[in-house]
Every structure is written in structure tokens, then in C-alpha cells.
Amino acid sequence: MIIVLKPNCTVEQLNHFTEGLKHDYDVKVNTWVGTQSTVLGLIGDTSAIDIDYIAAQDFVESVKRVQEPYKKANRKFHPDNTVITLPGGQKIGDGSLSIIAGPCSVETEDQICEVAERVKTAGAQFLRGGAFKPRTSPYAFQGLKADGLELLREARKKTGLPIVTEIMSAAHLPLFEDVDIIQVGARNMQNFELLKELGKIRKPILLKRGLSSTIEELLMSAEYIMAGGNDQVILCERGIRTYETYTRNTLDISAVPILKRLSHLPVIVDPSHASGIAWLVEPLAMAAVAAGADGLIIEVHNNPAKALSDGAQSLTPDQFDHVAKRVFTAAKLLRTEG
Amino acid sequence: MIIVLKPNCTVEQLNHFTEGLKHDYDVKVNTWVGTQSTVLGLIGDTSAIDIDYIAAQDFVESVKRVQEPYKKANRKFHPDNTVITLPGGQKIGDGSLSIIAGPCSVETEDQICEVAERVKTAGAQFLRGGAFKPRTSPYAFQGLKADGLELLREARKKTGLPIVTEIMSAAHLPLFEDVDIIQVGARNMQNFELLKELGKIRKPILLKRGLSSTIEELLMSAEYIMAGGNDQVILCERGIRTYETYTRNTLDISAVPILKRLSHLPVIVDPSHASGIAWLVEPLAMAAVAAGADGLIIEVHNNPAKALSDGAQSLTPDQFDHVAKRVFTAAKLLRTEG
Amino acid sequence: MIIVLKPNCTVEQLNHFTEGLKHDYDVKVNTWVGTQSTVLGLIGDTSAIDIDYIAAQDFVESVKRVQEPYKKANRKFHPDNTVITLPGGQKIGDGSLSIIAGPCSVETEDQICEVAERVKTAGAQFLRGGAFKPRTSPYAFQGLKADGLELLREARKKTGLPIVTEIMSAAHLPLFEDVDIIQVGARNMQNFELLKELGKIRKPILLKRGLSSTIEELLMSAEYIMAGGNDQVILCERGIRTYETYTRNTLDISAVPILKRLSHLPVIVDPSHASGIAWLVEPLAMAAVAAGADGLIIEVHNNPAKALSDGAQSLTPDQFDHVAKRVFTAAKLLRTEG
Amino acid sequence: MIIVLKPNCTVEQLNHFTEGLKHDYDVKVNTWVGTQSTVLGLIGDTSAIDIDYIAAQDFVESVKRVQEPYKKANRKFHPDNTVITLPGGQKIGDGSLSIIAGPCSVETEDQICEVAERVKTAGAQFLRGGAFKPRTSPYAFQGLKADGLELLREARKKTGLPIVTEIMSAAHLPLFEDVDIIQVGARNMQNFELLKELGKIRKPILLKRGLSSTIEELLMSAEYIMAGGNDQVILCERGIRTYETYTRNTLDISAVPILKRLSHLPVIVDPSHASGIAWLVEPLAMAAVAAGADGLIIEVHNNPAKALSDGAQSLTPDQFDHVAKRVFTAAKLLRTEG
């Protein structure tokens, strides 16, 4: 940690401050006296030091961390890739391409089972479907809730596909006991009370990046879950909010290689939410594979025009067949030659 | 609602679609045939129509709402200002300037009581203090929780100031029974499960704008609370996330007059979080008053350099005295001449 | 064009306004009277109507264009891909992958010639190099200017690679007569006086997207050049400004398929400026190819650590060999199976 | 300047690098060896060191400047406020409130003269009007150019108000000889060739912040002009681009006190462009005054509904009377009590 002091910092303040730091933390303090400012360098384990506390001293000009503030999610301390393995043997992060597909919302048994069969045939290894839906408007369809979870279990029984579905409140956790992968949506990425509860269970968590969260904040939210003892976290880039209005969000494709470098956790991409437009799913999915993503999560609906939510970005099963074929081929070709 | 169709929409599709709309909703449909596209205009109550559903039709090019999607928060249907009145007679939204002040985190009885006395003397009518703290890092101080609420009650007993504090989970609601105003933080603005629970109680809710939420999304979150029957919502602009790095966030000062025009709810500004820098609190607070804000929420700590969180943006009680004097004077002068 | 009127618009205002529109432009006006507002639909050629003029009427609530405001750059009116062909036969936009490579700044004859030889060997068909450099600081190296152009010509003579270099002022145009492709940098994308001058010449223009320009604004800037009669425009996505600080900019990969759909012009990607980090160039270049880009522009320096500008994002010739091999292979594989 | 090295940096590289720095620049280098990384601290005049050059070394992890990269615009080296004084005695930056008002575009002699008379009567000390107009569309009105400048001179003759108008190309400079204050628009803030030419003249330059420029970049552009010897620069905050769509731009009100603290140059605010909406001009102008702005630039048109550009954000002369009265009163009251 590097601390730049203001020119008006007195020797007495400086001594008192550095003594305090050495006393409270296991650090050594180096001091440099420059022409315009004095700089302190803290050596040791600085991760317990609150950067806000340092910045609050009125003789401090600025502070900069040299070490990343996350540990369990950090590749430096865990060089090998984390591979998520489900009881049925499905994997995410093992070098193959994993696809999670299904409708935005679970609507009826026919719908979810038909979609499940179709995405399975196309090669998807996981079924997604929303039972609890975060909607901007209180007047919009809010999901089938417990009934939706029941329908997902039906679809799993018929197809064998593990199910991935979103949780919106820790209070619902008992309903999720039988869910294979629990998703945390973008709007809850910093719902820290929820993250803490998810740290206590032993089930993979699919953690979506918040609408305007930095890469570091996403990793800090993963750290919340991991700090609780649950190290099965899957990171998901799903587009960030920018000034561009053509797409619903802007897919930050750079986040894929960056997350892979900074962390050992698997990284997947959601081209459906990133764009909000069905015809963009294919090129964005291809880009994600080429950039090194471990998987994709794609919205598929048997009848997008009748979907109760997110129809505009859902693929039909036929369109999904085509996209799945292309991305699996690309993954095979690019990873062979790479 | 205006719907632009793609050039390839067939007459059969068009008829089927418009018949469906007229059947399902209480609307009339006007059709225009243009040189390059056909446009539909829906007249009637379109607020129940899901815009996603329309956009999902593959013959639809784009959709645009003419009516706002919020009703209870909408000034059109409720022209008079909402005034929040507490049992002790304190008001927000009545034309006077309301100030909520106090530390980021409640730390000790001495701390909260000393700050409470000082901000009361300076003119603040409400005491803020965090007991449950949303922190980016799981390793940072998370607040005193229930004990913090107890200390706030102590400070209220000593000063008579109503207390304002943040809730992070609906599961904590029983602990908040005795809190005067419950705050929803920026990271929870779209924690819809929490909003629904807050709609069921009868207590003022201070709703902070999300880090990258639009003005309309803030009003939709207010609508969630109001749709549940709780119409005591106070809106808070606290800075949005932009590319500028000098400040922690960018205060969107325009949001103040816009929210006042679109909605009847009171609007306050948080210059402490908007900037993250203590010396900016004064000019931003002044700007907020000049732009028409109903109130301010300001972080004050008896010893910012020792604060367990957000010290860099906290004022000392002496600094707060000065700011309070300036903003109350400005409110008086500007509202007299206005 | 769809115009929503305010509820207080009088019949007299409405009649006067619609008569004026029909008189001044070749349009028909349809009127709908809704429950809360009246809506006008303009049919005909509305591209000459200034949307600001409409919005300025005090009885107008909002205006929305149905037609895109660009014509010459619009694929609707020019369905076939534009292919840029240089006198030496090199092409951009013909379905193959075009690579422009070279140093940020031209520094010495040895440097530019060595880099040119190396990138040619690796398969690049074009040489880039900056002679006039837009630098944030007036104290930073500003480029070799005319001497730099001379060195580029030397490198072209030795390798046969056409040269691509940036222009910063129309006043320099005489110096650029012998340049093969003239680049307009991100900071000049809306330097309309420069665009107008470039519309008068008959030479391909590589137009970079502005730091915070929308896709539509990029196409409008292309339209400026094309409106002058120069229809050889190459569009370049080079990252946009967002709140994320890990990368210098955020590559908007979605812009590639969107620009290809909206326009017939070729689209290339600059992974070097988009990220500002050398190790990110490979995954971003791969993503660009997978998303359908017609080409790439990549910074290569024979000694990045000694580069006078942008060293942190430059590849060494050896690194470029590797990237070029991967992207050419990917282009071949993906376009064969596609 | 603080340089963090990667763990794999060898002692030989380190020695070679630090010797080179000491040889090339007038700096001393301090070295700290930490547990995970080594940090260098450069003491002396580091402003000539290119931060890109440092970052490009492959053993460098990150670099951070301690000193600001601008000097002539920096308040540290020029503590007193710069006051711009025109030959007619009008001042900007002397503690009073300066108002520049007038139409977006000069259209006719009657129009500009009528507006000039009205804004003068209301208290404006300067007349604005666009003769060369930067328009997104090549098909929109581009301004009256030289004829527009002539009409501005007429209006000045009639009212005595100094004229402020935008330049779009250094090639037009001869036409601007008789202009009192030359404006650089947001889209040209980083048109460095133009800035260099403006550094050679001796006339006040009104420099608008770019659409997505940081505060530091704005100051660096001012530095370009000042480095050429022209120290009469007026900074203008005019709204930045964000994700919020209600307003055309988002006024960054914090930029006012920050610019005043970092620089000695006068700072004005453009509430018309910041919002794009006429009714928002008043509250934003009030906020700017309260935040400490030295002046305002406001669009006024005698008939906004007939304006050839920007009508939606223009005030009528009557509306401007009201706004001017409020802001002058506010400036008087707030600066007296402050």
C-alpha cells in the first residue's frame, strides 16, 4: 500500500501515524521525502487495512493498493483453475464449452419440458429457467415462484439436465435445496446479506456481474461467498451499462480474459442479456468462445412472441440449434489450434 | 404506446396481432401505413402491457411508451406534493429544508450521542447512522448490527432526533420496528423482494438511487413500495457511476428538478456519497438547495480520521456547523426571493 | 417520424403546425387523439426535417425518428458490401481478414522498416504508423510529422505494404497525397470541418469511433464523408469510455455485427487501443474475428519498452507472429464452417 | 511518480532501468523491496517523463503520478485567480457573475439584434451566437459562417456586448480576428492542432469540456493553449455523457468546485447544453451559481419554435429575464453571506 501525504503534514503527525500503523497491523513502513510530497510504503499483509480509514486522515493526499483486496478468488494464491463438477458429472471450467440454456421465465410444464428437450438435443448440458423474476415494474409478471421450481424439477426428471435458477432473497433458500446451481442476478450482485447466506451452503453459485460493477467488485462479491466457505463460484459477464442505446447493455468482452487471469474461477458469458436482441446472440456467443469463455448462458423459448418476459432476446429452439452448432464447432477448432 | 412494424409484416400478422391486443387489453389500435413502415398507436390504459412482449414479436421494429410506466409515484395522478410527517412533527417535503446528519457507521455510545448533540445544535432535524453496513469487502467492518440500532435509540432518547438507518435484508425488519425512517441503500434499490416487504409496512422509506439507475428506474422502485400500500417514500439522489475518477460518483444535480416534476415525492440529496470527499460536501449541498432539493443527508463524524468507514467523506461537527449555517441561510434567501 | 403532443396543445396550434409541416416538406400527417395525448405520424421523406426543430415546439412532448438519419452509409439503400480495393490489389471488406499493423509512432527509418518487414512476413497486408500524434499532453512526443510520412514511404518502398496514417488537420492534406489510407482518430471523429475536406478527396478513409460516440453518430460521421462524394469509408471500433478502469477503454464487440447490419461499409477492430494492454490484444482480436470483423489494426513495435508512445499496448514482432497466426487460422476455420 | 514492479523483475533489469531514469531525467530513485513486489519512488521533476514509456516496460506492474501533469493551468504554481478582462472592461473570474447569452445559431440580423438587446437589458454582459455550427448530420443547417460573424459584429455595434462564437477549424482564424472571445466546442476539445493555433493568438478562449473528457483532460487541453503562450482560458462545464437518457447530457456540477481548486482559471457552466431542455436551465443555473461558478452561458432565442438549431433548449427573452433575475440575486445573496 502506497500513501501520498499532503505537503502540510507535520513530522509529529507523520510519526504518530506510522507508529500507529506498525502497532495495529503486521506491516513495516518505508518513508520517502520527495520535493513536493512525502510518500509512505507499507510492506506486509495490508489486506486487513481499510483504505477508507487511511484516506480519511486529513494529511493524506491519496492511497493506492498494490495488492488485490481479494484472496480466495485470486489466482495468485490458487494458480489452478477451479472446475465445478455436478453430481451427474457435468462440469464447468474444465476446458470444454458448457452451455446453460432455457427460457427467461418458467411458464408451463409443456413449455419448460419442450424447451429442455430441445436444448438438450442441441447439446446444452444445463437447463436455465426463472421462477423468481426481478422485474423493473411491480405490475409485470413476477414468475411462478415455488411452482416454477417444481416445473424445473419436472423438466430435469425428463431430460437429466441439471437446473440453474435465480434466487432473489435468502428467505427463499429452503425452496432451492434441490436446485443444482443457484444464480445471483446482476441486481443482487452486491446484496451482501444474500451473498453471506450463499457462502454457508455447499452448492455452485452462478454470480452475475452487476450492471455497473467493476471487475474488481465482481471478484469481491465472489470473495463474500468464498469467505463463507463456499468455493464453487461461477462468474458471469452479462453486459454493463454504458451510454450506447442500440443494445440493452454493452458486452464487456475484455472481462473474460481479465477474469481468467485474475481469478481461477470459471467465467461464462450471457449474450442474451448483454444485447437484449435475439439476432445478436450468435455473434456475441462466438466472440465469447473466441475470447476464452468457459461457457455460455442463452435464453431459448419455444415461442418467443408469447414469452412472458424477455421475448425480444430469446432464441427459438431452431435458432438455438444453429448457434449451438456454431459455438461447439468453434470451441473445438479454436482450442485445437490454440 | 407506439409500435413500429418491420416492412416484412404481413397483413395477416398485423390483423392477428391487433385483434389480440384489443381482446387482451382495454385499448383501441390505430394503424398508419407509411412509405417504409407501418405504425400502430395504442390508445387507452397501456400500463398493463409488457413492453418486452411487444418487442418480442418478430415483425416489430421498435416500441415506445407515451405514458410513464409508474402511476402511484406520478405527479400527473397526484399533483400535490407528498409531505412526510413524523410523530414528533418533523417534516420532509413541506417546503422547508430538512437535514439528516450523522456518522456513516454507529461505533460507540459516546460517538453517536456526541455527534447527535452536535448536529442537533447545528440545526439537523434527523440523525443518521449505519448499523448494518454494505461493504464491498467481506473483510471490512460490517457494522454493529442490533447493537448499533440500540445505540441509535439511545441517541434519540437523549436528543429527540428521529433516527434514519439502512436495512439490508427483509429478515431484519423486526429489528427496525422502532426506527423512524428506514433507508434502502443504492445497492439494494432493485432488491425487489426487500421493496415488496417495505411496501407492507407503514413507515417512511428513504430510497436511494442505484449506482447506475435511471431516473425512471428509481421511480419504478418507489412504485414497488407504493404498490404495496406504503406511500411514504423519500427519493434520494446520491451520485451515479460515470467515467470520471476524481469523485467517487458524479452527482446528477439535474435529477432533483426532474424528480420533483415527474413525481410528488420529496427529493433529498446526499453530497457525501456523491463525491466521497469532505471538502466537496459544502458546494454540492449548496447546489442541491439551489436546484430545489427538499433536504440533505450528510455524513458527520466526531473524529473522521478514526471513523470505521467513509472517513474521507465525513465532516467534523465544526465543519458541519459551517455547512448547515450556509445551506439554511441559502434556503431561506433563495426561497424568499424565488 | 412520430410526434407526441402535450395535453395542453390547442386545436389551433395543432392545425397550424400540421399545415406548416405539409407545406414545408413532402410529408403527409396522420393524427391520433389518445386519452392522454395526441400523436402525429409523418409519412414521406422525413430525413430533411430537423428533429430539434420539432422538439422545440412548446406543445411537443417528444419526437422519435422511424427512419435512420443516414442514407449513403445505410445498408437499406445499398444492400451489397462495400469493398475497398487499393491500386496494389489489397482489399478490405471482401470476406477475407485484413490486418493493418505497425508502430503507434514512426520513430526512425530502422524502426519502421524493421517492423514493416516483420508484420509483412506475419501476413499483415497494410502498414500503420503515426506521423502526426494526438497526445493528451502538450509536453509529450508529438510525432515526426512530415519526416514521419517520408519514413513511411520508405518502408512502403521496401515492403510494398500500403500505408495507413492519421491526419489531424485538413491543413496537412497536401502532405497526405501519397498516403494509401488516411485515418481519422477517435478524438477527431466529430471534427466536421476535417470530415468535409475528406469527403472531397478520392482515397479510403479509416474512421475511428469517438471515445463516447454512439453507433449512430459513427455512421453520421461516415455520412459526412460520403455526402461529399467519397464513399470509401472503413469503420473502426476501438473501445468506448466506460466506468471500468482495468482497461483503457471498453471494447464494444457488439458494434461489429450491428455496424455490419446497419451499413454496407467494412468494419475493423483495434484491440490495441481498446484495451491499452499488450496481453489483451490476442483474445480481443480473436473475439473480433469471431464476431465478424473484416479486419484488425494492431500496434507492433520492435522494442515496446523504448517506444515513444503507447508501448504498454504494443506487441513485439514475435508476439504479433503468434497473434497473426491465430487470427488467420480462426478466420479460415470459422468462415469455412459458418 | 511511483512505479510498482512485477515480482519477476530481475536485479539486473532493475539496476539498468533506474540508472537510465537517473541519467535521462533530473530525478532521484528510491527503491523499496516489499514482500510481494518492489516499488520505486521517483523524486524530482517527473512531468517530462512519459507515463506510457514507464508502463511499457515488461517488468512494470503499474505507475502512478503524484504530481499533476499540467503546470500552467495549475493553481499550485499560480495561486491567484486568473481574471479575464476585455478591452471594454467586461470581466470573467473577478468574483462577479458573468453571463453570456444568445441564440445557438445566428440566423438573421433582426434575430441576433433583437436577442442581443433583450439579453443586455436582462443583465448579460456578453453575446453568444453560432456562425459555424458543428452538427451531427451533414444535412442539418451548418450556420451562416462568415455572414453570421458579420451579423454578430452588427449586434455588437448596436449593443456594445462583446461577442463569443465558436471556431471549428484553425483555417477560419483570419475570420475571427474581430471576435472578442473564441469558443472551442466540446467536440473539438481534443482537436490538438486547433488548440496549438489558439495558443499563438492573444485572445480569450472559452474551452468547453469534451462529451466524455475527464477533468484532468480538460485541464490538459487548457495547458495546450497556455503552453503556446495564451494564458486567457475560460473553462466551461457543459454536461458529460452518461447512461441517463432523460437529459441530453448529465451536468457534472462537482466539476465546478474541483476545477476552481485545481486551477486558477475561471469556470463557467452551460446549463442549456447540459440538459437540452429549456425548463431545466433555471434550476441548473441556480445550482451552478451556488456551487461557485464564475459565469453562465445560456441559449436564448426570440422564437425558439422557429430556431434553426437547439430550439428545445433555448429560453425565450422573457424566460431569460426571469432566470437572469434569479441568478444575479442568488449570486449577490450567497456571496454576501458566504
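First chain written, first letter: the chains are A, B, C and D, and each begins at residue 1.
In this text, a contact is a pair of C-beta atoms (placed from the backbone, for glycine too) under 8 Å apart; a residue touches a chain by one contact, two chains touch by 3 or more.
It should be emphasised that the depicted structure is a prediction, and the values quoted were computed from it without experimental measurement.
Peer 1: Between chain pairs A-B and B-C, which one is joined by a greater number of C-beta pairs in contact?
Peer 2: Higher contact count goes to A-B.
Peer 1: Quick one: which chain's Cα centre is the longest way from chain C's?
Peer 2: If we average the C-alpha coordinates per chain, B ends up farthest from chain C.
Peer 1: Degrees of rotation, nearest 5, to put the Cα trace of chain B on chain D?
Peer 2: When the C-alpha atoms are superposed, chain B turns by 180 degrees onto chain D.
Peer 1: Need the CA-centroid distance for the pair chain A / chain C, whole Å please.
Peer 2: It comes to 32 Å between the two C-alpha centres.
Peer 1: Report the inter-centroid distance (CA atoms only) between chain A and chain B in whole Å.
Peer 2: 26
Peer 1: Please report how many Å separate the Cα centroid of chain B from that of chain C, as a whole number.
Peer 2: 39
Peer 1: By the touch rule stated above, which residues of chain C touch at least two different other chains?
Peer 2: 212, 241-243, 245
Peer 1: Draw the chains as points, connect those that touch, then say whether the picture is a line, ring, star, complete or other.
Peer 2: Graph shape, chains as nodes and touching pairs as edges: complete.
Peer 1: Please name which positions on chain B make contact with chain D in the complex.
Peer 2: It comes out as residues 212, 214-216, 240, 242-247, 250-258, 261, 274-275, 279-280, 283-284, 286-292, 326, 329-330, 333-334, 337-338.
Peer 1: Per the contact definition, I'd like the list of chain B residues that touch chain C in the complex.
Peer 2: Against chain C, the touching part of chain B is residues 2, 4, 30, 32-37, 39, 41, 43-45, 61-62, 64, 66-67, 212, 241-243, 245.
Peer 1: If you look only at chain A, which of its residues touch chain B in the complex?
Peer 2: Interface residues on chain A, with respect to chain B: 47-48, 50, 52-53, 55-58, 69, 132, 134-141, 168-171, 187-188, 190-194, 196, 210-212, 217, 220, 223-224, 227-228, 241, 304-305, 307-312, 314.
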